[in-house]
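Okay, so chain A shows up in both of these, paired with chain B first and chain C after.
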Partner chain A sequence: MRALQGLRGPRAPSLPLLLLCFLAALRRSLEHGLSTAAPFKSLPVQEEMMTKYSNLSLESHNISVTAAPFTSLPVQEEMMTKSSNLSLESHSISMTEHSNMPVEKNITLERPSNVELICQFTPSGDLNSVNVTWKKGDKLLEGNYLVNATGGILYTQHRVAVINSKQMGSYSCFFGEKKQQRGTFNLKVPEINGQNKPLITYLGDSVVLMCKCQDCLPLNWTWYGGNGSVQVPIGVPVNDKYVISGKHANETRLKITQLSEDDQGTYLCHAIFELGESEGHVKLVVLSYLVPLKVFCAIAAEVVLLVAAILLFEMYTQKKKKPSDDGKEFEQGEQLKLDDSNGIENSGPRHRKNESVGQ
Partner chain B sequence: MLKRKVQPYKKTLDGGWGWMVIFHFFLVNVFVMGMTKTFAIFFVVFQEEFEGTSEQTGWIGSIMSSLRFFAGPLVAVICDITGEKTASSLGAFLVAGGYLISSWATSIPFLCVTMGFLPGLGSAFLYQVAAVVTTKYFKKRLALSTAIARSGMGLTFLLAPFTKVLIDLYDWTGALILLGAIILHLVPSSMLLRPIHIKSTSDSDIKDESSLSPTGPEAACGTETSCCNEIQESAIEDSIMQKERRPGISLTVSQNQSKEFNNEYNRNGLFRKTNEETYWKKTTSRSCKQKLFDFSLFKNPFFYIFTWSFVLSQLAYFIPTFHLVARAKTLGINIMDASYLVSVAGIIETVSQIISGWVADQNWIKKYHYHKSYLILCGITNLLAPLATTFPLLMTYTISFAVFSGGYLALILPVLVDLSGNSTVQSFLGLASFFAGMAVLSGPPLAGWLYDYTQTYTGSYYFSGTCYLLSSVSLFFIPLAERWKNSLRTKREDCSQVRA
Partner chain C sequence: MAYRAEPPDGGWGWMVVLSAFFQSALVFGVLRSFGVFFVEFVAAFEEPAARVSWIASIGIAVQQFGSPVGSALSTKFGPRPAVMTGGILTALGMLLASFATSLTHLYLSIGLLSGSGWALTFTPTLACLSRYFSRRRSLAMGLALTGVGLSSFAFAPLFQWLLNHYAWRGALLLVSALSLHLVACGALLRPLSLAEDPVVGGPGAQITSLLRHGPFLRYTVALTLINTGYFIPYVHLVAHLRDLGWDPLPAAFLLSVAAISDLVGRVASGWLGDAVPGPVARLLMLWTTLTGVILALYPVAEAPTGLVALTMAYGFTSGALTPVAFSVLPELVGTGKIYCGLGLVQMVESIGGLLGAPLSGKGNKISRWAMAAVFYHGGCRGELI
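Here is the complex of A and B:
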């Protein structure tokens, strides 16, 4: 304002000059506004951003341990109404001055959206002396973040409009200068689950390899067969051997028929999202039927050996007993005779018995 | 026709070659029980591979375990025709063959036949024949030897991880082939089942307190030949008057010896009947071929007593074991502790079986009293089970249940031998198993239905407890049945005396 007054002095108020001065003043107050919690000044800029990305979902990541509300709430509400068809995802991290471990949070994003990252910091000393910075990876971020201090807790909020894979990565908020406390948000695409254990199949068989994603819907799936480091896309020349299908959008199946030794190896399934790619591994092992058959034959041979050994043993013991066997049988007859003839005796049957036993 | 070489012994071995028979029985227990347990692993594999519902896939396991009991009478018949060694080897081939053919399976119904029907049939053969031969070789130490053989069930916990390793290495087809090969080992071990003839001397002390039913004139026929009561009765009735009080044919002979003994006895009787051309075996075998199935069992009250107790105790046994882990989960106990419970139960059951067998063999009181008390205690334990809501209490319940169930399990075979009286153990066990098969078939679905209906596991425990108590009830009727049998016998003796 003073500048303007000063300009009035010479009495040559040209319009462009006035405009320039006005703009300069505006910019200064804008910068000032951003570092303090003056919401109104920072609104136009953000509104611009909002209108640009109005077709995106707004994700706001809020972690508030205390119940101290944002003074920028009315701002939020306005922004919400502007981007009401967007989904707002909010994630937050809280930390104290004395937390030793760096605090991390993994955020899984599937569709382009607006992500609001909020860091909450409880300093031991003076609030206002704490310096707040945001970094993406190692690059320092400028602008686009709010800092608010209420009730002894420092909040900082950073909004990211994630539209493609360039905005994915890890975002960190830093508090303090000497002893920096750091909170990290990792923005990632959803993970794909392949199969942990290798699939065992036999030559000539067919197998179905499956890749699944828990709660996501990729745009597209592709399969790659990896022999070593070379990755060859599968199914590009459409043939009978490879059939790619999938019952639901969150899974993909690759059916391979007429397996041969060459089909062994690790297969990769790529899921393509708007925000990047993700892949899963499936390992395939192809055995020939001879492998278990050999083991089977070995065991069967061992069984046959045991049977033969037992038979030989039995024959041997029988041979030993044979000369005495007849004697024993007669002995049996004698014993029976004795048993029989304990009471009533009859010589007739005894003879007959002898004869029949002798048979 | 004497196919086998007979080795005449003066009394039951109670040792010697009997331990080889026990070894075979042990292996049978390991593999037969192992089959049932490893099936749980194949269940998951088959469900994934053939995309069947769990009900359909579960049928395979049900058929396998229930056919083991249902095929009892068939085993008895075939054993009479071919003999024990052959029957057992046939069983081993059936099981191994079933597994081998299953490796080419293309659908669940296919598997129902090759992995349910064939192994089930084979395991029936194996198990029943082994049990019967054990009863022939052991008399005084029957309970202890059976318990030692049954401890093979404790080793089955090794089979499950082994099967998993096989599946990881060779996929389920290769695993089935290899398991079939391993089960083939039962063929040489069934060749250990040497036939045995026991011949009793005139003054052998064959009075056995454990015997319950007087075997006298209605005594059953021989070991290797078919069971032909009628013929013996007619033959013996004539001769009984002549041999009234011969010590050599003491009527209080115990069951194990009676069969062999009565072989000789029949011989005598028949010879006394002055049919020269009938070499005793020929007679019995010729007429016996017409009577392969022993229907006289249905007239035997002991059969009903035993079957009632057997069926109900089998029904009641499955439910607590089935639901133990699930119950632990609902109480908030984690899987590791629950599996610890299961393994503790297994070990204690094995040990308790051996101790119970040894105690029963001491013959301080009749074996069925022990059986009765164990069943009652099992019932009470299960009725109190719903009170166990924390891990220590659940552990207490598991331990006590394992102790008592091990106790009664070891005594099933000895009590059966004591009760079987007139008939061969083979046909008795066969027919009793047939009825038990129904309990086995209906057990798991019933347990599941109970849970679905009551939404807690306490209902199944109450059911199991009452089943156990009911199963012990029939054993209280044994003295009554004994008295009835005695009166029958004296009546018949009077009749024959009058006739004479």
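Here is the complex of A and C:
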């Protein structure tokens, strides 16, 4: 049944042909039951599909008795269509014998899909002596992976039909017995971007917290507010203070009005996908107006002092000039004490005091 | 009141330079770094960036169109009351802006109120400065105007830091406190009575006499033309570089290079303006011609080294012409009428500034640089007359 596995990718025109070819084989395997469906070794998935399968087969049996020899047909068709609706993604890692670091690849999955994991290995010695194994997490996966050797490179391929969160995780391919080379595929749900910098707001103000997901559409969003370790869902009793909205499906906004000190803390936005959950963080800081106001008053006081100092200095220097200001000429000795009514060329009769108009 | 026959050229004048330095920093440095706030406004008020940038446009427009008012007030009452009032108005505008609930609120408080505050500070200060110096006028101008360049470097990171710690409301409050220092700067502007003052009379008389003064009018037109071309390169340089395939970071770095050479150019030209004997207008012609030539070369330059060299040269020459441009005016109209003269010039040349950027938006890459070069040459011709 390796051939079947290889052909599971949808190719619509040849579908009826395939069905005709496999009818007999499948009928036989179905009659034998689950235990003989040996080739389909990615067990958990197969189990599930079989259960769906068996539910369906029951139904179809009831519906049309005469189509008994073809009982499997509509179901198989459905299964084929189901898997044909799933997109196929292919990811590969290549390794050599001498790579010391384990090679990892992160794969982001949003919707159920078929994932093909390929490891390429270039051994220094004999190709055929290399042992190939696959593991999910720590659990060894039995059989059901292709191993191919061409042109001195060993290829191994493992297909996973990812339908729900149980199929997500880390899949690793291992080459060799003693000195194992390892390549890991990490299947994850998309990450949510909250806000890295804390949001600063003031008492009585309102704020909008936003979480966004690049290129993905979660099924649902929920917000949790945390003071300390307790996460309380927000917006469950719908009230004016919290308004959850979102212009597009890939973002969510939480508007909080009438901010108070209790609203400080970290908020979590939870995104639910078919294949799992993901969350983002937004930190909120609530300050009182007094904080910048104190700084403002300090600076304003400093300015007032400066102005007073400058004006006093001017009055002081003018006062100093007063006693000697009756017709004498002055040398431009001290530059800083230079006054408006002072000057070498100015020996005219005008010695009126400088009017301090509006100074 | 004792009248001096000649400006002191030193003494308290250096304190006025200091005051002008801080004022140009606080007025134009704040204006240039305000872009940091705009990002926050876009998010807070959920308005498009184009509408938010109107805040700066209104502020600049009010500052320039209000220059004659600032000049008239400083002629009548002296620069000190005008600048101190301006400082208080600016700070008040920012303070009210920190309570804003809508974008219109910001247009009025920052744009209108702070803008009029700026109008009452910048022009009177520069005019006062030119009254205090005659031999070393260009140098004093150059030194004072370096405040603009240095503050652009300092304020952008400072504003970002304020935004990170206090959000935009608190940050505006603190920028208001910063702007209060304009009042302190104003206190430094001791009035100077020069011999020509009683002759020229009050502001109204001055303005009418200026409007009939041929050379002044030609000079104003020349400066307007220069101003039209002035902003075009800064606006389009980054786009031009990106078109040639530059990454954003090196392109921004090149702008900084231009800013630094602008700074150097200002001081150097200021010193040169005083060292070289004869009318300063000739130097202005020199710098404008050079700038025009450099701009005309831009479409031709493709290699990175060529572009860097051109940008450095452009920064230097365009920075060089600013202090000289301001120095020519007192020679033209006399120190008595300098307040009103400068106010009028600022107002008219702002038209050029307003028109320049949109005009250059039309037409393709090459025509932009050509346009800028043409404007500079036009200004240069004005000088010849």
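Just a few scattered comments:
Criterion: the second predicted complex is superposed on the first by the 241 of 359 C-alpha atoms of A that agree within 3 Å, B and C clash if a C-alpha of one lies under 4 Å from a C-alpha of the other, contacts with A are read in each partner's own complex, and residues count from 1 in each chain.
In this section, contacts are C-beta pairs under 8 Å (C-beta built on N, C-alpha and C of every residue); 3 or more make two chains touch, one makes a residue touch a chain.
As the structure is a prediction and not an experimental result, all values here were calculated from the model.
With both structures placed on the common chain, the touch criterion links A:311 to chain B and to chain C.
In the superposed model, A:290 makes contact with neither chain B nor chain C. By the touch criterion defined above, A:140 reaches neither chain B nor chain C. Contacts of A:219 after superposition: neither chain B nor chain C is touched. For the contact definition in use here, the residues of chain A common to its chain B contact set and its chain C contact set are 197, 200-202, 287, 291-293, 295-296, 299-300, 303, 306-307, 310-311, 314, 332, 335-336, 338, 340, 342-343, 346, 348, 352-353, 355, 359. Interface residues of chain C, counted against chain A in their complex, comprise 1-6, 8, 10-12, 77-78, 80-81, 84, 164-167, 169-171, 173-174, 176-178, 180-181, 183-184, 187-188, 190-193. Remark: chain A residues 197, 200-202, 287, 291-293, 295-296, 299-300, 303, 306-307, 309-311, 314, 318, 321, 325, 328, 332, 335-336, 338-340, 342-344, 346, 348-349, 352-353, 355-356, 359 touch chain B in the complex. Per the touch definition, chain B reaches chain A in the complex via residues 5, 7-8, 168-171, 173-174, 177-178, 180-182, 184-185, 187-188, 191-192, 199, 201-202, 242-243, 246-249, 264, 267-268, 271-272, 274, 276, 279-280.
Those residues of chain A that touch chain C in the complex are listed here as 197, 199-202, 205, 287, 291-293, 295-296, 299-300, 303, 306-307, 310-311, 314, 332, 335-336, 338, 340-343, 345-346, 348, 350-355, 357-359.
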